[in-house]
Each structure stands twice: as structure tokens, then as C-alpha cells.
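Next up: the structures, one after another.
Presented sequentially are two complexes of subunit A, the first with subunit B as partner and the second with subunit C.
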Partner chain A sequence: MDKKKLSLVQFKRVRLNEKQLRNFTGFLKTKGRVYAPHRKGEKSFSFQEVDDPSKVVFNYPRTILPLKKFFQPPIETLLEFTINDNSYELPDIDNKNKIFFGVHSYDMQGVLRLDYVFSRGEPEYNYLKRRENSTFIGISFEPDEYHFSGSVGIDVENTEGFSIFIDIVDEDNYVVFACDNTGEELLKEYGIKDFESGEYKLKEREFKAKLKYHYGRLPQIFEKCYNYDVWKKVSERCLGCGNCNLVCPTCYCFDVEDDVDLKIEMGSRTRRWDSCMLNEFAMVAGGENFRKELYQRTRHRLHRKFKYITDHYGYPFCVGCGRCSQYCPADINMVEVVNDLIKEHEEREKVYV
Partner chain B sequence: MKKRGKIKVAFFDFTGCEGCQLNKLNLENQLLDILEHVDIVEFREAMDDKAEFYDIAFVEGSISTPECVNRINDIRRRSKVLVAIGACATNGGINSLKNIHDIDEVRETVYREHKYLFPTLPAMPLHAIVKVDYKIYGCPMTQEEFLKVFKSLVMGKKPQQPDYAVCVECKLKENECLLQRGIFCLGPVTRAGCGARCPSFGQSCIGCRGFVSNINQNASIEVLKRYGYSVEEAVKRMNMFNVTEMKM
Partner chain C sequence: MDTVLAKEKKILYAPEISEIIEAKFLTATEKFFKIKLPGGRDLKHIPGQFVQVSLFGVGEAPISVCSSPTQKGFFELTIRKVGMLTEKIHELEAGDKIGIRGPYGRGFDVNAFKGKDILIIGGGIGIVPLRSLINYIIDNRNDYGRLIILYGAKSPSELLYRDELKMWEEREDIEYHVTVDRSDENWKGNVGVITTLIPPLELDLENTIAAIVGPPVMYKFVLLALKSKRFPEKNIYMSLERRMKCGVGKCGHCQINNLYVCQDGPVFNYLEVKGLEEAI
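Now for the complex of A and B:
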């Protein structure tokens, strides 16, 4: 487990105060479009393009939507067509330089997991094109009651995917690590001449929310839990609103729709995020619905996180960000659901031993 | 698309404020485009003509008198496709609030000694009486959705309409959750399609588009309780537009 934490030590680092770090954010704007967490309303945060570096938030629990919104937009035009001659045009996909500043380790892992699904089989052109020329700068966070990324193998200080990682020591004290050549070059261009190296002591960070088992043991539960009582118990409280899917960093399902203009000459094909918790998600032509009941949909969603893709990816397709729990109006908590499954599993296994 | 002759379209109204009918007349520029494909053959708000037969009938308002029942049956007989427009026609709307009171008391209150001159029924959505082919929800229905359905029908195609919660559209816009800010909201149970218009301006969703199908009603009351509303209050607020869909 500690291997990833130790890996920070191998990187060159520099200490910056708040003013310097904001200056650095401003400098990044000369390198491309910069996106960073901003305050959104009273209690929420959101990744937005940086206009004024003084508005960037360094210390935040999580944003409403994860980074997927930049690579697979909530609503996007896939093509524009003309009915008379049956022709179509593809829109231009923007692949200019983008720098994502202040990303938490679990959100980075969310992007890496989407890279995995979208580059296999039939590669997802629009996603992969937008994903080009992206640089990620990570930042540490203090786990709140919803974070459980530690339980799915993602430490706060996990640097995979980052060019730079920032450890928040306190409000005016940031340790900036150059994790790869791109990161080191950026810091040098900004004007950093002297890097420190060697021993670095990380702050102890404890996750309050924890899965009862190591994630490596979850597949054995999902192997057997298809008819467990937990599914029905959870869905008694569920509204089927789909919030959990929409805010999830590793959910990428979409629906496609054609629309035409009023003269019925031209039209466009758009796609928007869809959600396996919604009524019509599993409905096919003719009106047959393969997962009509909420408990079937809940079961599918969790299998999708801990079993189906996990079987070939090796890690859960849940990154432990806690968004699904925080944004659930019915207060259904992912950690509690998985722990209840573990509990039911233990009870059932006891009977059969 | 129909090749020979234009599609005959008619508009009708029952119990309601006529807002859904009127806001179509505000579609001035767009209507000219679509009129290339259709003939409007009956529309009390805009013309005097009458017709025998309609390819598409758009019907507003709820059914609330025995006379309404006869008229909607007649319209249905003459129409190939019947579309209910607006909250009153799709689920009874605000008119249905009368249904939670004793019907005689309601008549007494409204008509006093003349109450026997005005037979009345509980307010019903159109589908309680006749087969409805499509529904355009909302109070009032939005012009965008009306045009979308209209276009689809002119093209002979099934309109694609959402059967998911307003929360979906709210999240796509990355709005801060109103419930979590301590503001009442029916977004999690209300049918989307409005683009989360009210919550996007910080106003609570009051459920004007009706419930998503198969709602978990007990759970939705529990959610409102969780945010500090009593069961009575929760039911009262859900009733405003959804009396005919409540299971209590």
C-alpha cells in the first residue's frame, strides 16, 4: 500500500506560498486553457476555466461533476445532416492544449479508467481527440465523511497521471512535486531554479469511510450476491433519479437523438449522458424493459462498478470519490451498501459452511 | 412524411387557463415554417372554421363535466392522432386539487343555490376517458417541446420524450442541489424536459410536469421528511400538480 506514498520522494520538489502558487496558475494560462476548481454556489465546487487565478480554490472536498465533462460533454453534437441529399458533416473536435489544475487523485484515476474503456474495441474518436494535449496537476485533500478512495486502492498522494502534484501543508505552504518531464519543464519555465530532493514526510491522512474488505476480495462477493436481500432493501429508499450515475467519474453511458429543423430540411444528431438507474435505460424496441424494477437497476449499477469491468481491468470501476453518496437525495451511501453486501455475504456463508 | 395534401391539425381546449393554447400563437416565426407542411383546420383561439376530420388533434385542459366527456369522445372519433398538451390534459393539473374534497361541497362552494344547474365530475386527465397517443407535459407546456413533438408527428416518427427526473437536467447543468441548500424541490420525482428551468434560477421544482413513471412514492415522501418537511407538508406539495398520480 505504501509504495505509492513513497514514490513522491523520488520527485524533485519546491515549496511555494499561496501567492506564488496563484502566480504559477496564472503562468499556466500562457501554456493553454487552464481549468481548476471554483466555488459554485454556497456549498459546491466545480471545475471551470480559470479567468482570474485569485478565484481558484485549492482546498475543496470534491466538485459536483468530475473531469469527464471536458472529454465527454453532457450534451454534444455528433453530426449535422441534410435530409434532401442524405449528406452529413462532422463537427470539429477541439484538441488544443488544456491544463487541469488542482485535480484529486481519485478524479485522475476516473479519467484513466475512461481512457481504458474508450480506447478499447472501437476507439471513441471524440473522447480520445478531446483527451489529447491534456496535462494534469494534482493536489492533496483531506478525506471527508464520503471519500473512500483509500478502500479502492487510491491514496490521496497517488501521482499516476499527474505531471505535477501539490501537497497542501497549510494555507500558505504548498509543496510542489515535478512528477514527469512536462511538469519539471513547466516549473522551470515559471522560474524555479532550485529543486529539493530526498526525504519528505507526508501528513498522516485517515479515511473516515471505509469498505470492510480489501477491494481485491469484492469480486468473490459479487460472484454470489445476485439474489441478496440488500438490493431490494436499498431500492425501497431509492428514487431512481440517476444523480449517482451522472456525477460518477467512471459512468459514461449515453443516449443518442436526432432532431430536425422546422423546414424539415436539415438536422443534427446529439448525444447526452444517460444513466442505468433511469426508467427507460434498459428499454428496447417494442417497449420491452430488461431492468424495469429499481432493485434490478441498483444491482446492475453496482455490478458495473465492482464486477463487470473490474473482471478485465483488475481494479474496481469505482474510484471512491463519494459523489454518489453525497448527491443522493435519499442518502443512500455506497460504502454502506457494499458493507451491507459484505455483511449479508458473511451471514449466508456461515449458514452453508 | 405525408406526400399528398397537407396534414390537417386541430386544437381544442377543456378545463384550464388556455395558457398552453395561447403560447402556441406566440410561436409566430416558427409557425410559418411548419405551416408549409400542415393546415390548421380548427383552433377556437385563432379562427372560426370547423372540420370533420383531423390528422392530429392537440387537446388542452382537463375533463371535469359530463359535457366534456361527450366532446372529448367526439374529438377522439374524428382524430387519427390525439396529443394531450399541458399539465391539465396530461394529468389533471391544478384542477384536480378539487378531487381531494367532497365533490358536493365543491359544487356548493362554487355555485351556491345554482349548484344543480352545473353537473360536475372530479377533474380528470384526457387518458382517463379516451386513448391518448402522446403527451406534452408542463404548466404551461414549453414551446420547444411542442415544436419537437409536432415536427416528429409531421415526419411520421415517434417523438423522443424524457421519462427521467428533473435532477438529470439539473446535473447536466452542474447546478448546486437545492435540497442540499435547504430549499424545497420536487426535482428527484418530476419528469424532466423543461431543462431544469426553475432550479437553474434557484427556484424550487414544484412538479408541474407530473411524476416520472414508476415513482417510488414512499421513498419520495421520506426524502422530503429527511430535509425537514412533515408528511402532511410533503403530500400537500406533491399534490399541487399531481393529485391524480398520488397513491394516497
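Now for the complex of A and C:
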């Protein structure tokens, strides 16, 4: 708790009411395209380009899709070709100024993890170019029954990656922190002259959903859990639909396909989001499938979240947003699955040690 | 605030349009292509590496290079017809164009193998990437000890590179053994699975490298046969096949547990994949 306070206290801040915050959102539109949460259905929200600042939702549990859709679009043209002369052109990649307003800490962490993936090894120009000139403005949230980012080391008030962070005190009371120079300049340009500093009392926010172990202890579970019963138990309910992959902020696997026009003269090579939960994902030429059972795919997906990439990244590749749990048609809950693994681990260790 | 910057505009997914300079069928299902990169530039690959081969409108797939890097100005592929893309590639002839990206992956460490005896075990089209290694060793023959080649095919008609097989058989400095699962009326050689060739071998176990490529089922039996000879596991290398969409460790398709075949492989030391359930 003290550490959290400390990190916010170091920033200059200003108090805005709802009208002022909406005005500020409108002002941001002079700086680039602004994307913010909008109401989509009765209970669903989505990051959309801001047209009318009065439509922006400040207090929301989570959007359906995370921010990856802006940097690695669901369908992306890699090249446009002409079949007859074997020529192709590379599409221009839009790197104009973008401001993402109202981002939750776990979604920011999702973007930072994708940055790692696409700049590691062979850096990927398409992603990195599209990612350029992006400014992020964070906002606090009240954890619901699905959020568990606290368990993977991401507090509500984690400001890493943000230029500005907004703490929602109540619906007409917002405390806006300038987390870096870009943020401070934006606030000044908007017309803020006097900043406050010093002591700031933060609201207590408790995560209802929690992993039983600190995330630092998960690698030791994943070291041993490969043949645990949990995988098969979960897969009895899993439909193998791949929804969890699509809504996950740190899932980035893709497929590449060629599309041609009806005259079969021109076409494009596109990449699309893919899903390791689908049966075809690990299939090779000739029909051999190296993860043909559903439990193997479930196990693979969770190992990608808590073991494989974590081994070199240092943190879980799950940001605790709760989307996979909320949008699972079979009601499979990530926190429950990991806690079941922990439980099985404890039982087995007791038996065998 | 940007922690990442798009550096040079190097598009990972842009193929080089290359020219097919020779094309011929080796069997009913395998076709051989000699390919020239733009300007006759060398591919600069290592035996065991692969390229992403593409045809616009159809798609792209990883294919092992079957020629040795000691040959300059061109490289060679042998492609089995297994799906839509390879079926279309089979229609191509000399003069046609094809898209190439790569080379990718980790090949055989030919420098580390210097001074060692090399035991090649190839089953079916597993001989394709091994041909690159074999020809590399033949072109640098003094750098290596014995060259033992075990080659198995389902039937005599499925044997690839028949001119070269004859040469391997005739050369004094190559110990070549071939077997087929099913013989035909003209076949006078061994009949049986490839593992039958292993027990009679006399090997200097500590100084021999085994390079194995074949279908998944073959690995299990070859590994068992080597084990009963007390062949050191650390000296065994194998190449694994997966579907790949990017070749550069991003798309996720080729992942075996924590390993990416396109980056960590396709050639693995046996000890690296030994405990991995998803490997074979």
C-alpha cells in the first residue's frame, strides 16, 4: 500500500470534475486520434475513436477486446500482390498520433508485453511502426469478480506506460496525475496552471478474485504440473472455441492467408488472429497433429501464460484482466484453474514428499 | 515515451521473387527445383536450414534446403506434393518465378562436427535436408571422419536422388546402406525398416555424430536402436517438422512446449527435446 502511494505522490496532480474531464478529452482530439471506452451493449464496452466526448465512459469494468486490436489488427494486410507478374507492394502503415484515453493498468501491461514479443529476436516492423506515436492515459477501476491483476503484480494504480493517470474518486471528482513530461505538457496546454503535490490518500481497492500463491511461486507449480489431472478436468468442460485467445491482451499468435479477387489477378496476403485452442493449430502437412487433445491445448495455453514466455520475460504473460473468464461460454475461470493447479500441487507434494 | 522504435523498414514477411532455373520430377510425388535468388546472390544457408516458399494467391510454407552451401549462385529444394500449395508448386517449370524468404532456423553445426564420424539416418523425405549435410561433407571430405549413410524408403520407386545414391554407393569414402519396406521385382538390396541397418554397424561411439531426419514414428524406433548400441545421447541430432506461418518466432504455430522449431530448430540436439511430450 505504501509503495503505491509513493509512486503516485511523485507526480504533479490536478483535480477535475466530470465536465472538465470531458472537456480535456475533447481537447485531446486536437493532438491526434483519441480512442476511449464506449458503451457497446448493456454490459459491454469497447475502445472506439472518440467522436463526442460526452459518450466516453470513465468508469467501466473492462472492454471486450484489449488494445492489441490497434497494433496487431484482427486482419492485417501484409502485402498486396499481382499474380501474373509476381509483383507485390507493401501497404503503408499508419503511425499517426494516437491517444488512448481511459486505459486500465492491466491493459497497459498487455501492450508492454506485446512490445516485448514484437521487438525481441527479429523485430517486427509492422507492429512497431503502428505502435509508434501512441500516448496512453490510464484510469482507475473498481475490481469486479473477474479481475485478478493484483495477483500477477499489477495494481489498479500501476502507472508504468502512462503519460497521465486518472484516479476516479467519485463520478464528479477525478484526480489527474501527470506521469511524464508528455502528460504534463498536455495538461498545461489544456490550461492547467496550478498543480498540487504532496500527500494523496488513495482509495482502498481490494481484488475479489485472487490467485492462492504470489505469482513468483507459480513457475515452481508449472515446473511440475505437466501431467496433473486439472488439465483433463478443465477440458471436459472446454468447448475449444478459442474465445479466450481472442480476448486475451497477451495472445498474439496468427495465421497467414492469401486472398484473391474473383478474376484471380490480384490479391493480398493477410495475417489474422489465430488460436492455439483450435484443433488445427498444431497440425502439420499430412495431417499429423501434435496437440490433438483438448487438454493438451489447454495446457499449452496456460504454459504460455505462466511458464514458457515467463521464463525469459520474468513476469506472467497473463495480466489478470479476467476477460477469458468473463467471455468463456463454458464458464471456465482462469483463477479457479490456476488455484486448482495449486491445490493439486499441494496435495501431490504432501503425498509424495 | 516510446520504449520501442520501428528501426529500418525490414519487412519480415516480404518474399524475394526468385527464378526457377531447373525443375524435374524425382518420383511421382516429389519434384526437384533449382532456384536462383535475384542477382544470383547466394542463399548463405547452413545445412538443415529452411526457407519459406510462396506462391501469390496460394500461400506460403517452410521447405528444407536440400543443396549444400558449397554450391554457389543457386540452391535446391525437393518438394513433396501434400497440399494445395505444393500441388501448385509442382506445376512450375524452369523460368517460372517463386517467392523465397530465409534462410531460417538452426541447422546442423557443421563446424562442431569437424573431425567426427558422421552417421546419417534418413527416412522417406527425411533424406531431403540430410542431402544438404551429406553434400557439404563430401565437398569438405577431409574435415570429417567416416561418412555412414542409412537411407530407408517405403519402396524402391520412392527413393530420391538416384544418380547420387549410385555415387554414394560407389565412393570408397562413403559407407552407404539402403533399405526399403516393400521390394519390387527389380530390387536386390535390403528389405525391412531402417532400424534393421543399425545393429550391424561398428561405431566409434564417442566420436560419432548421428543426424536423423524422418517421419515422427521413425524417431522412436531409431532412438531405441541407437540406445541399445549405447550410442551417446548427446551426439544425436534430429530435425523436426512443423507448420510455420512466419519463420521468425512470432506466429506460434511451430511451438513444441517452450521451443520454437523455426528459431530453436528445426535441428535439435536430442537432449534438448528428449523430455518434451509434444516433440515426436
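Keep in mind that, in the parts below, the second predicted complex is superposed on the first by the 349 of 353 C-alpha atoms of A that agree within 3 Å, B and C clash if a C-alpha of one lies under 4 Å from a C-alpha of the other, contacts with A are read in each partner's own complex, and residues count from 1 in each chain.
The rule is simple: a residue touches a chain if its C-beta (ideal position, glycine included) is under 8 Å from a C-beta of that chain, and two chains touch if they have at least 3 such contacts.
Here the structure is a predicted model, which is why all the values come from computation and not from measurement.
A.B. asks: For A:Leu239, using the defined touch cut-off, is the partner it touches subunit B, subunit C, both, or neither? Pick first, second, both or neither.
C.D. replies: A:Leu239 sits against subunit B, while subunit C stays out of touch.
A.B. asks: Just subunit B (first), just subunit C (second), both, or neither: which does A:Asp331 touch?
C.D. replies: Only subunit B is touched by A:Asp331; subunit C is not.
A.B. asks: For A:Asn133, decide between first (touching subunit B), second (touching subunit C), both and neither.
C.D. replies: second
A.B. asks: Look at A:Ile64 in the shared chain and tell me whether it touches subunit B only, subunit C only, both, or neither; answer first, second, both or neither.
C.D. replies: A:Ile64 sits against subunit B, while subunit C stays out of touch.
A.B. asks: Who does A:Leu294 touch here: subunit B (first), subunit C (second), both, or neither?
C.D. replies: The answer is first: A:Leu294 touches subunit B but not subunit C.
A.B. asks: Check the contacts made with subunit A and report whether subunit B or subunit C touches more of its residues.
C.D. replies: C
A.B. asks: Taking the superposition as given, does A:Asp144 touch the first partner, subunit B, the second, subunit C, both, or neither?
C.D. replies: In the superposed model, A:Asp144 contacts neither subunit B nor subunit C.
A.B. asks: Figure out whether A:Glu223 sits in contact with subunit B (first) or subunit C (second), or with both, or with neither.
C.D. replies: It touches nothing on subunit B or subunit C.
A.B. asks: After the superposition on A, what does A:Glu257 contact: first (subunit B), second (subunit C), both or neither?
C.D. replies: Touch partners of A:Glu257: subunit B and subunit C.
A.B. asks: Across the two complexes, find the residues of subunit A that touch subunit B and also touch subunit C.
C.D. replies: The answer is residues 257, 260, 264 of subunit A.
A.B. asks: Show me the residue ranges of subunit A that touch subunit C in the complex, using the header's touch definition.
C.D. replies: Residues 78-79, 81-83, 86-88, 90, 95, 112, 115, 117-126, 128-129, 131-135, 161, 163, 180, 182, 226, 252-258, 260, 264, 267, 269, 271, 274, 276, 281-286, 288, 290-291, 296, 300, 303, 307-308, 311.
A.B. asks: Where on subunit B does subunit A make contact in their complex?
C.D. replies: 1, 30, 33-34, 36-37, 147-148, 151, 154-155, 160, 163-165, 167-168, 171-177, 179-181, 187-189, 212-216, 218-220, 222-223, 226
A.B. asks: In the complex, go through subunit C and note every residue touching subunit A.
C.D. replies: So the residues of subunit C touching subunit A come out as 1-15, 17, 54, 56-61, 82-83, 86, 97, 99, 216, 241-243, 245-246, 248-253, 255-258, 263, 277-278.
A.B. asks: Would you pull the subunit A residues touching subunit B in the complex into a rising list?
C.D. replies: Result: residues 40-44, 46, 64-65, 69, 74-75, 235-243, 246-247, 257, 259-264, 272-273, 275, 278-280, 292, 294, 327, 329-331 of subunit A touch subunit B.
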